[in-house]
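The same chain A turns up in both complexes below, where it pairs with chain B and then with chain C.
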Partner chain A sequence: MITSFVLKALDRNIVWVTALLLVIAALVPALNLMTAPDHPLHIPTYIVSLVGKYLTYALLALALDLVWGFCGILSLGHAAFFALGGYAMGMYLMRQIGARGSYGNPLLPDFMVFLNWKELPWFWYGFDMFWFAALMAVLVPGLLGFVFGWFAFRSRVNGVYLSIITQAMTFALLLAFFRNDMGFGGNNGLTDFKDILGFNIQSNGTRSALFAASAIALALSLVITSGIVRSKYGKVLIGVRDAESRTRFLGYRVEHMKLFAFTVSAMMAGVAGALYVPQVGIINPGEFEPANSIEVVIWTAVGGRGTLIGPIVGAILVNGGKSIFTAAFPEFWLFALGGLFVVVTLFLPRGIVGTARQVIERRREYRKVRQAEAARAIAAEPQAAE
Partner chain B sequence: MHARLIHRFLQCLLVAFCLTVTLLATDLRAADDLRTMVNALGGGNFQQNQKQVEALAKTGDPRIVPALEALSEGDLYQRKADGTVFIVKPAGSNFTLIDAVTGDAAGEEAKAALEKIKVNNGLRRTIRAALGGLTLMSPDTGVRLQAANTILRTPSADALDGLDAALAAETDGTVRAVLEKARAASVLVSDRPVDEKKAAVATVVETGGRDSLSLLSAALATADESLRPDIEAGITKIEDRQALWAAGQNVWYGLSLGSVLLLAAIGLAITFGVMGIINMAHGEMVMLGAYTTFVVQQIIRTSFPGLFDWSLAIALPLAFLVTGVVGLAIERGIIRFLYGRPLETLLATWGVSLILQQAVRSIFGPTNQEVGNPSWMSGAFDLGGMTITWNRMWIIVFSLAVFAFLLFLLKRTPMGLQMRAVTQNRRMASSMGIRTPWVDALTFALGSGIAGIAGVALSQIDNVSPNLGQGYIIDSFMVVVFGGVGNLWGTLVGAFTLGILNKFLEPYAGAVLGKILVLVLIILFIQKRPRGLFALKGRAVEA
Partner chain C sequence: MNTLASNAKPTSILYLDGVSVSFDGFKALNSLSFVIEPGELRAIIGPNGAGKTTMMDIITGKTRPDSGEVFFKGTVDLTQKDEAEIAQLGIGRKFQKPTVFESHTVWDNLELALNRKRGVFSTLFYRLTAEDKERIEEILSTVRLTNRKDDYAANLSHGQKQWLEIGMLLAQEPELLLVDEPVAGMTDAETTETALLLKEIAKTRSVVVVEHDMGFIRDLGVKVTCLAEGSVLAEGSIDFVSADPKVIENYLGR
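After this line comes the complex of A and B, so read on.
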């Protein structure tokens, strides 16, 4: 069953992109580690981290595309799942600091010593083990997505209402994580990480490994998403997107379909967050900002919602543009981003990949029509000569 | 005939002149008497001076107050040359002299030429009692009130006689209340019989307030057994009443927050509720309104300072116009291409909000701008045990006025009729000859304009910065969704419910946790009633 699932998932485009991602996962670290700094093909470490960050963003955008592009649920709270995954990883990294913190407490992270806490809160137990943190980075966002989705879809909250309450959800979490008594470092979040799985988090090798992990995770998620979308279930999902009531009247349990997609998407966002945090070295409540979630939506929209490759392209393009833009004209970045929202929704509703695909298909059809016309002309010619 | 009239007139003049002279003379004589009495202070010893002060107090003349105050401060000196008494102020090696009776400047004199009139504690006490009595009898209500409050703060048995006399003469209600309380407070510290003290406790409990509580607790420490239960019961009574007032104050804060929410959400109720358009740039419209107020105030400050109290009245129509036009431009330029695609509208308007924010940041800078309160909006007044600030008060009134205006517009005008028709059935309305695109544009402009005038009001209580709008957008959506879409009454009820709920959760859960709880409650509430409190009833299946 799994083989058929994977085989169905792999159409030509997906194969190409997956292969490309895997090649990058091997090549970039190799070029970073094995070439001398003055070698023309050398990739500096900061680029590796930067692109690694984009790849986690791409994974987040892909997660959003699964629910928005294929199921019609516009979630304005996906940054919350991303941040929760990030916090899970951040807690592990915090515990790894151990006695090397400024206060030298072997058990408590610095901010807890600062707040005069005497013992570790219960929800910090187990985060000294990597496997547990990794599991939590998937399970906690998944659980939140499941509970939230279960409530929302069961009572048929949909459309803009759903968008608004997902936004309220991430806003509530933002406020909650800002509180010091929550036990997640309050305002400052979690930072000053030292090492991960025993490797120094600042070293080139670790950074390259994290890059490779991000690329592989993205490739894997791409195959999984593609499998979901191309399965029979995925067809129903698209049915829900295009005609929810009709799908329900046909006898499908629409809320179950949506709930599954939403939960899977939340888990993927959690993975993205967990890979993001060690590469940027900090996680704070700012990641819960509703504005962040909306930005994810625009990456997806720019690349093309409802295509699997679009979100990846969009996330990398928009963030690359942001890096260049904010360095060159910091004043104008918000103008550019705002303009992007307007232009994409007005003129490019299918996004870059969607529009490109449409153009290619049109040309193919046009060619077909021309060939058919030519054939007819040839067939008609003898009669005309007569 | 003429001659007689003129004669009469002259007679009148003469009489008037004589009268004036007589009056002046008596006045002068009184001043002379006073001066003699004040000058007499110079020669006497302490006991004589005490008698002299009492005699001065008996005159009941407010003019002696400065002299007595100066005496108790040690600023009253006698000139050695002629025995005249002056109030002095040191000026280098000399003294500046001030006439002790009239308060006029009277030149300078070398320090050596003057002799200080000595004062001891006994004399000071006499002066204080005399002054208390004098100021309590002052013709000026403000002075009397201040004197009564002074005694209330430092009650003493000595003041009782003065208080009784003052109470007998007092006609002003406010002063009388304070006097009664001051008398009760003084009785409590005196050695009067228990019955009288019980009555005093009752008086203090009756008036209530924080100061009564401290008065009673102080009295409890020294009271004897028979009085103790009375005081304890009194303290509980006051505390109960204070708790009640605290709840009242909470309701007030809730109403105030609710009015702010209502203002921010009501424009959204039009665009989202009536048209079904998600306008994420709504908060930025509020922000533009606030900045319009700022600009208007800047112009008034530099060019027409006299008009400052009118600045809000001027800003109001301007803000409506500015944001209305911006809204119209957004609708015509962007939103009309996106009807029927609510999620895309959401994204496009979010983009607009980013652009507007950055534009304002580029023009005015990222820092907070100072918007002043006109005089009629600053300050506060007390209502029972609550303090009510005028700006909050006016904002509640204003929000209700805006609400009433919108309701009238929707229910009683042709434009409102068309708007409702388009909401209910766009195609049918169109067939009836209503120009639906124009109705859409005007409705959107109206919603934006209302957001702009909300901005004028919010500029009075919030920081005017480019981020002003972002703080309101989620809350206003919550209000509209909670209250029910397409129903202005729902928005009203929703705003005040959320406001009061927030303020009642705050004392128990803290401000942030309270807000989170409210958000969670709304999310759960939406489960139960997905279309809000006041849902429009309909049979349509959602597309």
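After this line comes the complex of A and C, so read on.
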């Protein structure tokens, strides 16, 4: 059952990208750790962390593609799931600080001591264990996605209305996390991390390991999503996107179909967030900004929605561009981003990967027609000679 | 009208009694009652706004009636169920505008329509069995689309899309088929073929056809129900109905 699911997932492009990600997962850390800083192939640590961050963004965009590209649910709140996964990881990292914080309290993180709290809130229990935090990084976004989707899809909220309430969801969480009495560090969020699993979070080795983990998580998620969209369930999902009522009248429970995709997507976004936080060293309510979720939509659209590989390409390209652009012309970045979105919408509605695929397909068809013509001409020739 | 059929309820496949529904004060259906027998092919005609599509919406669970009874096979109360449940019970519906999955191939369209388990996990781990394959091949030849099975549904002609949708309904193996204007926009040849196809289908199940095309209904040669302003105006053979003065006034025009 599982084997056939995986086998079906592996079309040629997916195999290539997965293999590439796994090679990068091994090669980049090796080049960072095993070469001297003056070696021509040396990859400096800041690049490792930067690209590692892009990979987590790519995972977030991939998660969005599952619901937007294949099921037509334009979620403008996916950064909320990402941020929740990030907070789960951040809570673990805070508890790892232990007595090394500025106030030296072995149990309470600094911000709680500052707020005069005497004991750890109940929802911080268990976060001193990595496995628990890792589980929560998946379960909490998954649960939010499930509950949100349960109500939204059952009441048949669709299209723009759904997009608006996803924005409202992330905005509500933004406001909630800003409050100090929520117990998540308020405005400042969680930062000043020291260790992860006992390793110094700033060491080259740890950064390389986090990079590799991000690449592997992305590769794994790519195979899983590919399996999902190529199964019969995935075909139903596309059916829901293209003709929802037809799917309903064929006897499928559209709300269940959407709910599963949305929940899986939220969980993947949570994993991305959990990998993001140790690499950037901070998580604060700013991650819930509605604009962040909209940026994810742009990456996905630029790369090509409904292609799985496109969102990965889009997230890496746009963020790479952002890093270069904001260093060179910081004040123009937002204009560039807006311009990019307009250009892609007008001239590349299928995104980079979608357009490339279309070109290849057209060429193949053209060649087929030419071959058929040639074959006919050859077949016709002897008769003409007679 | 309401007493017309109550004794027919246990043996009927579809039973509507006194069904009314209004939208913002407009009475779309006004105490509509009729009965379809198992294995029957029935044509329903009526002017625009007579309530034909609303009637289908009520039978398939898209709209809930304000009052009245809708029973499937005499015992199943359809007013308490939603679209997916009703489809799973064995009622298929063809829309007026051909509605197929355009970005799927003809084959995949039929595969999705096959009457198999429709849950998330059963579809996630579904594998095409030899039996399912055979069934799809069979339907492909019934709806004359065998040589186009690998083409995207988007690339089919209008008439072929209509047939694909009928094929999808067959794959669903319904006991009752509701067909909304199957020949709208078809050529004469396609219309004749569609009439044959529907008659073929009606041999093994009950079919309700809503249609405007009187020639097509003559081709079908079945019992006709004429609706107007949300209730039944006349019922009988096509000649009987088209001779009815009320029908002439309301529908056929003077």
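Throughout what follows, the second predicted complex is superposed on the first by the 380 of 386 C-alpha atoms of A that agree within 3 Å, B and C clash if a C-alpha of one lies under 4 Å from a C-alpha of the other, contacts with A are read in each partner's own complex, and residues count from 1 in each chain.
Here, a contact is a pair of C-beta atoms (placed from the backbone, for glycine too) under 8 Å apart; a residue touches a chain by one contact, two chains touch by 3 or more.
Owing to the predicted nature of the structure, the values given are computational and were not obtained by experimental measurement.
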item: Which of chain B and chain C A:113 touches, first, second, both or neither; value: neither
item: Chain B versus chain C as contact partner of A:157, first or second or both or neither; value: first
item: Which of chain B and chain C A:282 touches, first, second, both or neither; value: neither
item: Chain B versus chain C as contact partner of A:338, first or second or both or neither; value: first
item: Partner chain(s) touched by A:33 [first = chain B, second = chain C, both, neither]; value: neither
item: Touching partner for A:245 - first (chain B), second (chain C), both, neither; value: both
item: Which of chain B and chain C A:172 touches, first, second, both or neither; value: first
item: Dominant contact partner of chain A by residue count, chain C or chain B; value: B
item: Touching both chain B and chain C, residues of chain A; value: 245
item: Contact set on chain A toward chain B in their complex; value: 74, 148, 151-152, 154-161, 163-165, 167-169, 171-172, 175-176, 178-179, 244-245, 290-291, 294, 297-298, 301, 331-332, 334-335, 337-342, 344-346, 349
item: Residue ranges of chain B in contact with chain A within the complex; value: 278, 334, 337-338, 342-348, 350-355, 357-359, 361-362, 470, 474, 477-478, 481, 512-513, 515-516, 519-520, 522-524, 526-528, 530, 541-543
item: Complex contacts: residues of chain A adjacent to chain C; value: 1, 4-5, 228, 231-233, 235-236, 238-239, 242-243, 245-254, 256-257, 260
item: Contact set on chain C toward chain A in their complex; value: 60, 62, 83-85, 87-88, 92-93, 95, 99-104, 108, 111-113, 115, 118-120, 123-127, 168, 172
